[in-house]
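Pasting the structures in now, so scroll down.
Common to both upcoming complexes is subunit A, partnered first by subunit B, then by subunit C.
Showing the complex of A and B:
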């Protein structure tokens, strides 16, 4: 068990970091949406998948390259998210979490079903952009350029989002509206519009993760369904609605999963859920959650 | 004061919390530069009246005109943009924001709001605790923050809901001085207060509410002549 091969260990660590990047981006979107709207957004995985498909169509139908897709897909899918919020989720405001969860779960099934009907279950290829092909030989391991880019870019987006929410005026509106939306609105701030834009932003983050994922995992209708349960576990461990919690926990659990794959592969699919159970018993509000 | 124009004119205001009918036709007005106090026992509808004026109640009918503009069908954010501001009974300090963030939260709706330095002059305690979490302040400091916060906005009508509730006498005195100073500076203030002694030193006029209606009104000059009646109304 402890016959350590450095190369294999670092390779698994890199896989963990990559997965952690997706966990962090997706759980960040979920945390923003839950913190602000009190909605457990089960459609998040399906919207992540739509982000990847959006990049695929942009490339294969309109000839739009990866770099533009990184901007356009989050905008388009985020816009779709805003429409979903305005037309459906807004009607559930003030009701129990369960209603939002059921609605978004239903939406996820419909979206995934539609895509599966048209595209089957196998993956569609999406090429790594030319500028990011190849890799670096670090001596102890080979680091593919695209994977390094995904980690750095995800971390940058996560930290920028944290900064925007915790350190800017707009962020203070969001945090205050989470606590008392009626009063914030009575101060002259258009809270319903802010909620719609926040949901759109959270969905945009999921779509961004989808675009980043396309060259690594291919584009598949069930790519979100496979990931979303782990991402929910990440959000619960980090603390529902905690921004920094979702970022730190996302990356940490990705790395832990990678290490488990190396040391005890049989447990790699369950280690996140074991940790979730322990955290729920010891700290029910999550590692970074407020009581 | 009689010459001043009417800034807020409330006529036949009715409001509901869900199925509960709370206000049954409230009528009163506030002139520019006045301090007007709504008096009444617990449950008379004073707080609901302020919230209804501000559009914070789901269902309301009647007429609320601010500076000649009808606001009954406007959302609360649009009402605030006209120049009304509320300091709620529970103070509404945000736990996730520090003192400065709480103070800077409401956007400036009109020019003429007090600069932050002047607010710190009025409430020096706030400056000393500028980085503290809003809800870690004492009750008095939270009240100062809640009042200071709306002074920045440039609102022309300040609605203060029970600003002395649960505070020590020395803090009540400080808040009284502040309201008097704001009145001198020309702010129009609608005050809801159970502490009649406090209100009597500040208000130009009083309205008495009972069961969701205004049942009496008198000017400060007529206070002495109406004392017995007032004791009956307020049960003091």
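Showing the complex of A and C:
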């Protein structure tokens, strides 16, 4: 009773959900970093790419499997992020926000340039972990196990992050430090360390997205370069004021993009940008943004 | 109409100094090809210098960091290349057509982008520029990856034979000087003073009764149009229009040129453009290392060298350059 085109529709919806997972993880990281540091992290795409490469090297050089890489890569790349924050970003405190954007743009150029130098522009394959090969026949479509895992796992991580920031004591410190760092410092909380850890955490989320995407998209030096621009548009649409807002916007735009691929493929590259333009005309602060 | 400058605005600069430096700059540029510098290099650098000056008008005098200025450079390039090759228009009309096309795009993008400030403005312009990139990638008339090649060089104004490098050079120099002087005049006009007031304190400018959104939009359209003038001229020089000019890397490059020369200085973007274009020429054989080096310059400038070359010089001489 289901013809080929409904199958294709569901296939594109799944692709949209997968992309939405990456948008959500990346825009969530950007929002968390923006909240604490007041900078927009242009290096986010490059660090996402490093997460994927990290998983690739862990597997092919050290023989570390996917599951460990899922924990190790975000820790390693997040640690690198913390170092970048301590050595460079910290010096920009008090300056115009634009300098943070310019500095991280420079970092993105350096990282992507170095990886392009050594790995060219072609992709390196990363095998789907054994436990997640194969798939389920749902009757109306074939659902590969790995893709289902990516969507479920990303959603879980996003919701856990939301819970940690909005509902726990640590999160309340974080939110307080976002509102008034001086006062929180006066209470004896080490705010600079919190800022470093926040940046590391946001970067870790990007690296996690990189590991998740390695078996789906190949591991390429420029895999994050174009993605980050779409994620910026997602962030402008959602507004960075709300954690849940970034998650919802990320998934929703992924799905919308998937639907566009089915109904009007020519516009699939640009649909997110068009929506951004419309949202800016109607609600300049973004769907979830505060004035 | 005059405005009282706020305390952070510097007093009116010594005009005679600037006029002298402008004359000296034009004189030096005019003799460059005569003393053995490759004219094509200077022409290319001049186009980028005008592009960077147009970009600097926004970041330096209105405080708006556009991260999508390549869309104006590239749009004007495609428009003028199409006008020259397919419609057979003379080069002066092609350049005007390209400039107008960029200004119209600037009006549309500006209406959307100036609704947000700060980094949201930067992200919006970047995203809209990426949208234009995908449009040009798919559009038929741009010939995708090939670009529009072999753009003709008909006589300029009907009598200047721009197929001769030296004639073309002086035409390009004249266009650059015209664009540069227009920007110089703008930032020293009452309109320019209001732009600076918006940069320093937008709420105060609003409370003084200025409709700041209109001023910002006017500055954005002017900047887009001048970036278009640079893009259209660049196409007549290089005889091809390609996707390179609309990519985000190009938007980043103009930010770099302006940053290296000095944000918000009059001569900084020109110096920065020459430095970066020269660097690219010398490092062309090193492939992707160029990107890495540009990244390092970005980081070094932001961390240690925020005034840029001309900004530091101006500081050392206690002058406004």
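Throughout what follows, the second predicted complex is superposed on the first by the 286 of 291 C-alpha atoms of A that agree within 3 Å, B and C clash if a C-alpha of one lies under 4 Å from a C-alpha of the other, contacts with A are read in each partner's own complex, and residues count from 1 in each chain.
The rule is simple: a residue touches a chain if its C-beta (ideal position, glycine included) is under 8 Å from a C-beta of that chain, and two chains touch if they have at least 3 such contacts.
Keep in mind the model is a prediction, meaning the values are calculated, not measured.
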Contact breadth on subunit A, by residue count: subunit C or subunit B: C
First, second, both or neither for A:162, with subunit B first and subunit C second: neither
Subunit B contact footprint on subunit A (complex, rising order): 169, 172-173, 175-176, 178-180, 182-191
In the complex, subunit C residues that touch subunit A: 59, 65, 67, 112-113, 115-116, 118-120, 122-124, 126-128, 130-131, 134-135, 137-138, 248, 252, 255, 259, 287-292, 294-299, 301-303, 306
Of all residues in subunit A, those that touch subunit C in their complex: 39-40, 88, 91-92, 95, 97-99, 101-103, 105-114, 116-117, 225-226, 229-230, 232-233, 235-236, 266, 269-270, 272-274, 276-277, 280-281, 284-285
Residue ranges of subunit B in contact with subunit A within the complex: 54-56, 75-77, 79-81, 85-86, 88, 92, 94-97, 101, 104-107, 109, 153
